[in-house]
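Letters A, B, C and D name the chains as they come in the text, with residue numbers starting at 1 for each one.
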């Protein structure tokens, strides 16, 4: 967890000598107190990734000045920079269908202070998940969907997301495939939970297929959503042993615990700006 | 581990009332002292599985008499019975190609008394694995193979296995696909280690493909060999977390530890008669 | 999970030949259809443990007759038998102090059908945990406590428990030490969660002490409560890796997930009659 | 694994702004190509830790010049610097008593190229571990010990270590307590494996005590040796679930696998200069 009010700087570029020195020298110039720095170089692709957290109070200059100066450093080095301020938490929309275990878990963690964000709304194509949402006093939008109404429903969804200035969409067991019109509007900003250890059992009914195959572990995978179903960059995965005594129903029950943990972890990592996307992979500074 | 000199009775049949009573009553009649009993019913398929260990010294009758009486109990109930005597350890052949980590590990465990068997021979299509074998004083057979000589090489292999009365073949990173003529001769008696968490990354170069996909766990799978490559009944699986810092080389190094553990576990379970095959799955009484 | 309406028979006694035969023969006599049988013999102590699940509908005789006949079988063999009927779920009281993560989790699982019981009440020495309890419509009893009022408060507690005919007390982060007058009334029927991998860090503030010691794993332990604090029979334990980046606050956050899982698992195992107490240990047929 | 021929720079000091900038600017001045940088600040103690790997070929200056210039940067900032060159591998002595599972494993890994070091010798107070050592062609020194001869034996040991210019001592199940005269000569350079998840079951016979306590996990801990037995900084720990079926003998067998993995991991991390000692804890940049 981030105990400080920080500016978080995320850098991606081609690797070359002097990058860390350039970034940290610029921060030192502004009296920035670095509370954490992480760096990774992918020697296969030659890409450089860095994440630096600086306490906001230590910075001698204001936000705009700091950002502008940074751009002048970044430009000649070909750096793509992103600057995130911890006092401006991300705005989140949670999408859910009928099963509410991931939703309830995220809401509990949010109330407990584990997730640094503003949950702006919960959207569902069913009404079953309404009670826990209303208990915590959040807006619940019911947007039913059928094959015929899908396009129209997604337009309503996009309107809601736009109006609320949503930064992150979390598919907390939302059992609809988002169309490219939605996915393309939120690149790297939609997180899904898949109930298997991808790439095993991509697609529907993974627990049933795991049971048929007789595997001795089951798992869950949180990943960014791309236009290729179940193929987006993986953020977090976990597995747990199972045996011949587990029925499909047992796998589903056991899997729910994995899904809750793995989705919550991915959401927290994203909210704390710890995930950088690298093609179809992620660099996670946890 | 089995601390006793036992007879191990393995039963498979259609479920019906009275099966456990029939088996244990027969054992009680012969004064058999049960040191462990395990039972499983698959309520989807209606199949019944049982494993009972009885101390040999407690049995009032001799082996043949005990087996014959058992057959009389089993027949009317449709039971398939297998009786294994711990003082008649299985005879094992280890097959290996170039990488010797699984082989070395199995040999070490065998010397340490972890694997109740007689290792009768090591066979390889290369010579690199010969030194550790010769150090422990076992026969090492070099059977090189090429696409042209494969049929002939497998005949030599089968001759060796036959002559040595082999009960179990362990593919300890043997990088050749056995043809049906071999597989059919040893049904449920060939164990392989695959270097991924199947069904993910079946086939060749799983670590490379795991790296490309950016998964956050890798794994290993031990399974019985069937005619469908990487599709046989799974005995044991394990996984371990990895992250963006792992190169393919790191995955291979990390995976070696998983492969050693998972193969050794499967071999031990099989040697202790703890694995029953149920179609394309296993029931493992560990 | 138990998909059937069953009678569950739990047996403990000195080991001797013929025990399984006697039990299963009795069940077969009554046409009982065994859906699961588990057995364990502790060869150090010579104790025998067995658990058998029989479908209720298969039994030819009524409950009283079945129980009475069983007693006649058990007596000469020195068996201690317990018979539990799945259609008579246990009555549970949840005790909590301020932190509600375990409580919320148990309530969610109970609502979702994971825990086969009747939650009769929640008792707390604080009021902070009241909202989630009231949302699900359960009685919430506030019994504040101070060193001076402890004896009186426990009498009130015992009166509540007695009146509600409670079978199981779950200490879901109840930060008071129960006195012997309470513990002795519910032997083997009070489950606690301790926030470390016992016996490490028994006592207070385990996460702080784990952080000071610089351990690389943390854990949680669910156990039956005895008069010796943190010394009762362990039901379930789990651990998770941590590193130098984890502050005490991170350990507490991470540990909450372990506590929820490990307590819920222990409660489920107990409710499904899968735990037998063996001195200061448990036999868990999961 | 380190795929490059690098200089590895390790820095510890009081935290203050500008540290990373100072270090990386110095490296940039010498054209150093950073292949990996890791940093940690302990906000409780105010300590700063950094590890930077630079490819040797990229450095414009020679080793002595680079080291001397670094000292001029470090001095005013109060940095303690250590510079390690990957082409000068550490010299290692392995100490063992009777049980050879850790020793055999380390020797196998060393032969396989997993451990970047020179194993200079194996020392034992018994002769049982001699065969695997001689097979790989390493010197084996038999130094028997009794309470009366302990002081004399340790002098012989120190003479051997001195003469061979040993950098790291690995206690691969060496069942003797080293006296302060040895420990003080190799501060932070003796690694031990303890067969429990410390601080649980410190001292002798941990598996027996784990069995008595009825724990549901067992573990292993690798740590630096200090004068306080089993109290030194922990490098790595792992655990594995066990249940009521595990006898002491099973725990010992299962634990051997943990011990091998955890000791090998600690040795590798140390050899790759990934471990910094921080009081009684470690910072591990793995």
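Everything below uses one rule, namely that a residue touches a chain if its C-beta (ideal position, glycine included) is under 8 Å from a C-beta of that chain, and two chains touch if they have at least 3 such contacts.
All values reported here derive from a predicted model rather than from experimental measurement.
Most remote chain with respect to chain D, judged by CA-atom centres, is C.
Per-chain CA centroids place chain A at a distance of 37 Å from chain D.
If you average the CA atoms of chain C and of chain D, the two centres end up 42 Å from each other. Looking at chain A, one finds that residues 3, 40, 43, 247 touch two or more other chains. If touching chains are joined by edges, the resulting network of the protein chains shown connects every chain directly with every other. Looking at the complex, you find that chain B touches chain A at residues 40, 42-44, 197-201, 213-217, 219, 221, 233-239, 241, 243-245, 247, 278, 280-284.
Across the complex, chain A is touched by residues 1, 3, 101, 104, 108, 112, 114, 131, 135, 247, 249-250, 253, 257, 261 of chain C.
Partner chain C is touched in their complex by these residues of chain B: 3, 17-21, 24-25, 27-28, 31-41, 43, 58.
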